[in-house]
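What follows is a pair of complexes built around subunit A, which joins subunit B in one and subunit C in the other.
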Partner chain A sequence: MALLDVSGFGAHSDLRLFGAAPKHFLDPQNHFTFSVKRQEFAVPVGVDPSAFLRSCSREGGVSIDLNHGTTTLAFKFRHGVIVAVDSRASSGSYIASKDVNKVIEINPYLLGTMSGCAADCQYWERLLAKECRLYKLRNKERISVSAASKLLSNMMCGYRGMGLSMGSMICGWDKKGPGLYYVDENGTRLSGRMFSTGCGNSYAYGVMDSGYREDLTVEEAYELGRRAIAHATHRDAYSGGVINMYHMQEDGWIKVCQEDVSELIHKYRKGMF
Partner chain B sequence: MAARYDRAITVFSPDGHLFQVEYAQEAVKKGSTAVGVRGKNIVALGVEKKSVAKLQDDRTVRKICVLDDNVFMAFPCLISRSGLTADARIVINRARVECQSHRLTVEDPVTIEYITRFISSLKQKYTQSNGRRPFGISALIMGFDFDGTPRLYQTDPSGTYHAWKANAIGRSAKTVREFLEKNYKEEDVESDSGTIKLGVRALLEVVQSGGKNIELAIMKRDEPLKILSAEEIEAVVSDIEKEKEESEKKKKS
Partner chain C sequence: MSIMSYNGGAVMAMRGKDCVAIASDRRFGVQAQMVTTDFQKIFPMGDRLYIGLAGLATDVQTVSQRLKFRLNLYELKEGRQIKPKTFMSMVSNLLYERRFGPYYIEPVIAGLDPKTFEPFICSLDLIGCPMVTEDFVVSGTCAEQMYGMCESLWEPDMERQAFEMTCPVSRIIEFDRMSTTVDSKWDSKGIISKDGRCGNNTASSKSMI
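For the complex of A and B:
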């Protein structure tokens, strides 16, 4: 519009308000848009969170590094999916809590793990749980693991570059069998047989890769998960506390155990001390 | 009385009618007939083909539309009146986009119930906003869910939807529905040919001059939509006529 150009108003305002498609036909209740089209938090025009964050990181002079301080792992095997997490919450070098629950039980057939910024993980995964529940109410059947992970990854894509920090694994059992997806704050979404997230993940991968076989028995799989987290917490400063382990079976998940890592490490490393 | 309450869509009459929506349903009753039958392994949809003008290319008159690989719909439409086929085009376009959007977000094809609910919600929105009129179409939506169950749903301009085993919409829908109620048998629709025959027989009740004016589409589980050619329809019609003659002979003797 000529007047907008002349007055210079057009360059700064949100032009989408003018002449846009009638918004009341675009399903604001998210019934059919699965929370994808409407953002949870309105981001004001002109604010650039990613530039602000860059100024806070090492390149900008200040040194606020957002690490995923934790260790979580999950792997698929013949008898389902094993999920194991530690329970330490750290802010910098201060241990804020030694028994945080890093697994969110979305429904009896769906679990989500959390690593990264605790607030981000808790908020977005609880939002995912709400969407999964609404899906079940509207469509009269449980959401599939691929759809749940897609919803989470779409939520992350909506805020990409704005400083969210979340590395999560969505595990479940649906009509297609056991499902395991890794979702992170960039919107990455990967399906796989084995994942580990957090800054202790390299230690966990080492133990898991050397002990993993597709035909593990259930007890062997529990032991593998336990060992991987225990060794990761032993070497990584930001992981520790207790191991929370879950086993995803065809008829739902069960909580296998909650064991203190220091006792486990003494059990494994008898010769070392 | 009606005159005072039927100008605006968003005004109820004192006895609880939304007259614009009911007038839209009247418009639907003037369209050509469509019949849908849900069999065990097949869904069949037959539409009355109104005779086209001599110079008109009849391939452009399509009343059966594919929404996705597993779901299709038909609507009764008027060729001579303006507005209603166009309404259907808008609805079909939105439904097609929603089918793909669902595939993208949920990584699974839509269930028939989901897309019917979407189309009905769209129609209902237009009955509750000012300045707009309702869509003047009813639709029969049929197909297979991805677990293999066949489904048939019918929507109307008010935005309600119901599941059916067999139904008809458009002109003389009542007659056809009564015929279906009398003649629908579970054993008949177990076979593919039984389902097709039932659909054609129902349509022949109201269509003048037989097989030439019938357009029939079938979808079998895990197969794409197939529109029967004129010869195939003629074969079904002659089968039906043979059976009719035989049953009449039996009655006489």
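For the complex of A and C:
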């Protein structure tokens, strides 16, 4: 079954051969994947997804309110990459969950963070994980961070304008050393030393920018990540829960800690309450 | 975004045996951003009478100050403390004066009659419709969650000790479910009984579920 899927053989190829399937039943061609098989979603007959989703996000009409609440951050320093995220999922002003894991462990050398629409992030990053695994099986070596982020960014470009919402950071360690890329739903792909996403990002940037040095020790870097998320969750109503922190090292990532933000904020702001 | 959830906030009051309790959160924020965690939303209007105001923060302050002004005049003219039921009418009148450009608040009143110490709680809508209940009243952005908690925890004629737990517990739990009140301090003015107010409890909420 798996080999059949991977090689792209199946009922779909017959349809294409005989030209029986009308074009609008299948998704437009996407070149994000190295495999032959196309990504296909069920689409109602005669409906153009982009037009439909545009009408959903217009003010005044029916509006699908995608949740954007979160704070995630990642920064490179001498000893690798620190990734820290909060764990609140909000739908409107209701808190749907206080312990969502917003970091997807793609493989022992690659991590992806999620912010924006929860469904979009989870789906596309899991798809990215699948593509990374396929790459490794075909090429007998791990995918580079640059290529992985390019795959995700091309997936996003393929669905541009259709209302996806995803702001993600792909972090890893490959032959070129530590890697950190920011990818978002417009297809933006940026390499950098420090990123923060989500609606609490401005608070996190403030703390990170004040405390960041390239030559931080490992403990100092952990503390910086912790502080930045804690202060962002304190100020932002849509971030909270626990801090999940990962450290990307040369021999893979380790999960550093999972700490409740309310306890941390009491420690940092002693005397304020 | 709705005007009532611009600043966010929640207030509730519960009635027990010969006592009442009133509690609120203390967050002052602007949409998603929290500004302070010590914003007062419950105001004393007599020895054993409190009003809690949920809604737009500017109106919370303005209404409490204007109400205090009217109450002071009343007490000077009458020479005695106001009864809770009369105070409710005073609030209702003040709010209806602004029928076509209302104050964006939903008040909750809790108190004991100054002479008979009969417990009294009520809430009003933003244009002054009074609603007196026998059990509990809630208002604010997490009203639905509060209704759920109060409904399950409240019993008639609760003695003071049992009462002391119920009000705070229901507060913490429902606060944690609403992003505009969560992680704020909650402030209970304590149990108001005929011996006077007992204790001002202030603590921070943590996730309990």
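Heads up, the rule we're going with is that the second predicted complex is superposed on the first by the 208 of 273 C-alpha atoms of A that agree within 3 Å, B and C clash if a C-alpha of one lies under 4 Å from a C-alpha of the other, contacts with A are read in each partner's own complex, and residues count from 1 in each chain.
Keep in mind that, in the parts below, contacts are C-beta pairs under 8 Å (C-beta built on N, C-alpha and C of every residue); 3 or more make two chains touch, one makes a residue touch a chain.
Predicted, not measured: the structure shown is a model, and the values here were computed from it.
K.L.:
Taking the superposition as given, does A:Asn154 touch the first partner, subunit B, the second, subunit C, both, or neither?
P.N.:
A:Asn154 sits against subunit B, while subunit C stays out of touch.
K.L.:
For A:Asn139, select first, second, both or neither according to whether it touches subunit B, subunit C, the two together, or no partner.
P.N.:
The first partner, subunit B, only.
K.L.:
Between subunit B and subunit C, whom does A:Leu190 touch in the aligned arrangement: first, second, both, or neither?
P.N.:
Once the two structures are laid over each other on A, A:Leu190 reaches no partner at all.
K.L.:
Going by the touch definition up top, name the partner, subunit B or subunit C, that contacts more of subunit A.
P.N.:
Between subunit B and subunit C, the winner on subunit A residue contacts is C.
K.L.:
Which holds for A:Asp260: it touches subunit B only (first), subunit C only (second), both, or neither?
P.N.:
second
K.L.:
Could you list which residues of subunit A make contact with subunit B in one structure and with subunit C in the other?
P.N.:
On subunit A, no residue contacts both subunit B in one structure and subunit C in the other.
K.L.:
How about subunit A: which of its residues touch subunit B in the complex?
P.N.:
Residues 24-25, 27, 31-34, 36, 139, 143-144, 146-147, 150-151, 154, 175 of subunit A touch subunit B in their complex.
K.L.:
Okay, in this complex, where on subunit B does subunit A touch?
P.N.:
98, 101, 105-108, 111, 113-114, 118, 121-122, 125, 129, 147
K.L.:
For a test of understanding, state which residues of subunit C touch subunit A in their complex under the given definition.
P.N.:
So the residues of subunit C touching subunit A come out as 5, 8, 29, 31-34, 37, 141, 176-180, 182-183, 185, 204-207, 209.
K.L.:
Can you name the residues of subunit A that touch subunit C in the complex?
P.N.:
Residue positions touching the partner: 69, 88, 90, 93-95, 98, 199, 233-238, 240-241, 260-263, 266, 272-273.
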